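Right after this note come the structures.
The following pair of complexes shares a single chain, subunit A, combined with subunit B in the former and subunit C in the latter.
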Partner chain A sequence: MRKFININKYFIVKFLAGLLAAIVLPLFIKTPFPLHVMILICIWAIMGMGWNFIGGYAGQVSNGHALFYGIGAYTCGIGVKNFGASPWVTMWIGVMISMGIAFVLGAPLLRLKGHYFALATMAMAECGRIIFLNWSYVGGATGIDFFDRSKPSWYTMQFTSKYPYYYIFLFFVALILLLTKGLDKSKFGYYLRAIKANENSAQSVGIHTAKYKLLAFMLSAGIVSLAGSLYANYLQYIDPTVVMPLNISMMICLVAVMGGIGTVIGPLVGAIVLTIISEYTRATFSYINGFDLFVYGVLVIIIVLYMPNGLISLFNKKQKNKILTPLEMERK
Partner chain B sequence: MVIQCIFEGIVIGSILALIAMGIALIWGVMNVLSFSQGEFLMIGMYITFFLNKKWGIDPILSIPFTAILMFLIGLLIYKTLIRKALKGPILSQRLITFALSMVLVNGMLMLVTSEFRTIQKITFSGIIDFGFLVISKEKLVPLTVSILVTTVLFFFMNKTNTGKAIRATSLDKDAAELVGINTEFSYALAFGIASAIAGIAGCVLAYYYYITPTAGTSFLLFGLIAVALGGFGSIFGAYIGGILMGLVDVFAGVYFNTAFKYVAVCVLFMLVVSLRPKGLFGK
Partner chain C sequence: MKVILEMKHATKKFGGLIANEDITFSIIEGEIIGMVGPNGAGKTTLFNSISGTHSLTSGHVIFDGTDITKKKPYEICKLGIGRTFQIPQALNEMSVFENVLVASLNRHQSISAAKEHTKKVIAMCGLASFIFMNAGDLNVMQKKRLEIARALATEPKLLLLDETMAGLSGVERKEAINLIQRIRISGITILMIEHVMEVVMSVSDRVVVLSSGKLLAEGTPEEVTQNQQVIQAYLGGSVH
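Coming up: the complex of A and B.
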């Protein structure tokens, strides 16, 4: 039987050590702010890893994943507010809806290449934002506030303490990290890399490129939607400008690029660095309007400019003598 | 009503076309999707505003000064950031222009606060009433300037040697270098010109639009879509795309719902690129 999941022992040791560290770390934290930062790291890591499938592995850079993030968030919000449904169920409904939308829109849009695909996905996300902004059923521009204390907190996934959130989110991060690792060395992962390197050659050796691109797009939409659901439950208040702006779409790319796109651990590293930078600049420099985002932008420029292959390239010395794809050779 | 809509659409479209041409130039020459173009427009608006406030200079007269200043700012940004970024992957180039726009918006927010401003002293104001069409004179300015700038740009790109060098660079960089074109100079020039055009768009937009640090952001998406609609790197396509975008914007706003005009624009774009993946005028 073909081994579907190809995970070596070395990775398992590293993974368990990392997980243990992540589990133990909050026990030493007594103030809420660092924990808040860690929760956001989890959210961004899930989003980055989700985007990584289509943007990193398959090389189809989408700039519109905020749409799926928003759909995930809204499904949970409406579920709790209008139907009293548990987020544990509705988050999977959100995943289904997102994958459905990705399926419908992905079929025509994935035929586009490069900048055209980026712009089309951007237009898709903007469409979604405007529709949600003017749709009275989902609260329009005022958004929905679905704070609910009438049911047990494990049912509504609304806790007074930040610790349960952190552990739930960490569980999903670990799950998706394992999924990425499993797919990294699978047939699916290699197919996507082949598509990224050269789509025509991939097709000529018999890879059904349209199908695999669509699968990758749906997978990434589902994962990003999951992140949206989790974030909505953490915030308990959502409106279109919080969960669907263009900035979120761009920041998802940024997370993956900063860590290293098309790698297993890259988005996680990117999420850690980027969230720490963004949250601490926000907390430190917020006394002047705009100063925090100014500093954040400057830091992003510096990191992307001097480490275009991501922070992961600092640790990966193997990168130097790896086999280059034709596309990379062309660029050299 | 229809004629009025067409007029308003062409006015907005002519400003979008100016931004779109800058984006198309950068896209065509160095294959970068520039997210900072809207911010150059915003800086152009502020330069115009402060010239007007300090010395009472009319926005039209400040066009040459703004254009030159924006050209220099564009050159500076190219030399410090973009040239280095061009060596990296395509995605990181795009993210750098995005981060740059973030820096410019928030830097402006720190300098001038988020207050909404409008230009007070302008020469052209009032209306011309044709009965079937009411033209406010403020809106004739963007139209005229846009047509002039486009003509000059076409002339420059098609008739002068420097313009031809830029076009050659955009067609094939290596071949252009082989025949002795300084491609580095072409890149810098293209980025500078794109910034200058955005600055000019800012000048004429300041005539009747409110001025705020985030004013450019709403024009950016339309500009980008106009370029993609027109077709890859084609400046003429970008101009037509811009005008079309303006018309759709106004017609959807009047006949459907103001809120859904963005949706109309986005849906139109997605439809067009699904049917013609290279845009309307792409080859």
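Coming up: the complex of A and C.
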């Protein structure tokens, strides 16, 4: 396995240490608010890592991932409400639907380059939101309230405590982090980076660029859909303005870009920092309307100005300046 | 004597501009063919038609028995044509090693096999000291080398070199000629566009001359340099 998936011991140690810290940390938290923030961090981390495949690795900036987020959320909501299906099953159906839609829409959209792709995906998500807003089967503008106590809570993924949510979401964060790490130095990862760097050049060395871009788009759509499904079960109420607004598309982008696009842990770092800033400014400055967004905006500008490669550059600085011997490099 | 590439009445038009007109010639396996011609003769256009960057308006390109006229660049690469670009198109944000590695993955499924192959190609092209550098930080000569390395790493049967000697100093040029000879020994057929006559004359078996989109002459370097039409195209004829 190590031949194909380049995961070194160093990473496994760091990963396990991080996971252990994330598991133990809630045990010291007695109030619900910090736990709520941690749950949001998990959701944004999954979304950021999903977006990272198409936006970070393949360099195709999508501004429409809220569509897949919404599809994931709605599949779970409708599943529970109309069919009494367990979210554990429906979230994978949501992933499949999202990947199918990404396949159908991605084929024409990915022919567009740069700004045009960004604008077209934005339009794609807005169209999706308007369709859901006017579609009576999915509740239209009133949305779906699928709070259900008739079945055991592990079946409906509806708990009275926040702890189970946190651990379920954490499991998915870990899963997708490992997936990203596995793909980072794989053929797929290298091909996506080559496409980002220069599409013509990538084609000339035998890369079917359209196919790999589409695969990346589908993979990212599936992961974002998973995040949507999980979040819907946490809220137990969804409507198009909650799960499909434009600012979700933008936030997904922001999380990955601020953390460091095209890196394994960048989106996770971005999710932690951004969610904490956003939630705590909201809680702290609640007495002045809108002041939290002002502080949030200023902090974002400062981070972008001083760390153009994302927050991840804080960790990488030392490594970059270090001269590695060829032997050390080979091990990397 | 196996024909590896055949151009049959290749014509390429960009709107009203005829970039290539009725070009027919063939390349035999193991040859080094030099392609010369004044600026704007249509040499790079012909390269782009062969490698699939754009397809011909009319005519055919037959490679190794397959009609590749309408094929996409990645399909043509898989079939065994590697190319370099006149303006180096390296993957600037990636290291030299990764640049060649991506190309090696064309024929190697696993990363470890591709890495082994990459090391060989890099050693052959004399890029070993730069492998950890960002491709964007290389100088012109190193970038041209990297172009060749990337094309070679795809393990082509036919290599298209587009002005890989332009802008190189005398010593660098000698090294590059040396590299081309080594590539040929490894069994790869080469079609090269070159303005540096010293290089064309010393390495090519045959020379193809293009002028204003048409095939002007074809033959050994000696034949071509004595061809009256070629001399006229390069130096201009007397005004009458």
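Criterion: the second predicted complex is superposed on the first by the 315 of 332 C-alpha atoms of A that agree within 3 Å, B and C clash if a C-alpha of one lies under 4 Å from a C-alpha of the other, contacts with A are read in each partner's own complex, and residues count from 1 in each chain.
Convention: contacts are C-beta pairs under 8 Å (C-beta built on N, C-alpha and C of every residue); 3 or more make two chains touch, one makes a residue touch a chain.
This is a predicted model, so every value here is computed, not measured.
Asks: Between subunit B (first) and subunit C (second), which, if any, makes contact with A:A45: first, second, both or neither?
Replies: In the superposition, A:A45 touches no partner, neither subunit B nor subunit C.
Asks: Who does A:A197 touch here: subunit B (first), subunit C (second), both, or neither?
Replies: Touch status of A:A197: second partner only.
Asks: Touch check for A:K187: first (subunit B), second (subunit C), both, or neither?
Replies: The answer is second: A:K187 touches subunit C but not subunit B.
Asks: In the overlaid three-chain picture, which partner chain does A:I93 touch, first (subunit B) or second (subunit C), both, or neither?
Replies: In the superposition, A:I93 touches no partner, neither subunit B nor subunit C.
Asks: Would you check which partner chain A:A216 touches, where first means subunit B only, second means subunit C only, and both and neither mean what they say?
Replies: Touch partners of A:A216: none, neither subunit B nor subunit C.
Asks: Given the superposition on chain A, which partner contacts more residues in subunit A: subunit B or subunit C?
Replies: When the residues of subunit A touched by each partner are counted, B comes out ahead.
Asks: Classify the contacts of A:A271 with the two partner chains as first (subunit B alone), second (subunit C alone), both, or neither.
Replies: neither
Asks: Which residues form the common part of the subunit A surface touched by subunit B and by subunit C?
Replies: In subunit A, no position sits in both the subunit B and subunit C interfaces.
Asks: Quick one: which bits of subunit B touch subunit A in the complex? Just the residue numbers, please.
Replies: Residues 27, 31, 33, 35, 81, 84-85, 87-92, 94-96, 98-100, 102-103, 105-110, 113-114, 213, 221, 224-225, 228, 257, 259-260, 262-263, 265-267, 269-270, 273-274, 277-279 of subunit B touch subunit A in their complex.
Asks: For the complex, which residues does subunit A have touching subunit C?
Replies: 3-4, 6, 185-187, 190-191, 193-194, 196-198, 200-209, 324, 326, 329
Asks: State the interface residues of subunit A toward subunit B in the complex, per the touch definition above.
Replies: Per the touch definition, subunit A meets subunit B at residues 55, 61, 105, 108-109, 111-116, 118-120, 122-124, 126-127, 130-131, 133-134, 246, 250, 253-254, 257, 261, 288-294, 296-298, 300-301, 304-305, 308-309, 331.
Asks: Contact residues on subunit C for subunit A in the complex?
Replies: So the residues of subunit C in touch with subunit A come to 51, 53, 72-74, 77-78, 82-83, 85, 89-94, 98, 101-103, 105-106, 109-112, 114, 131-132, 150-151, 153-154.
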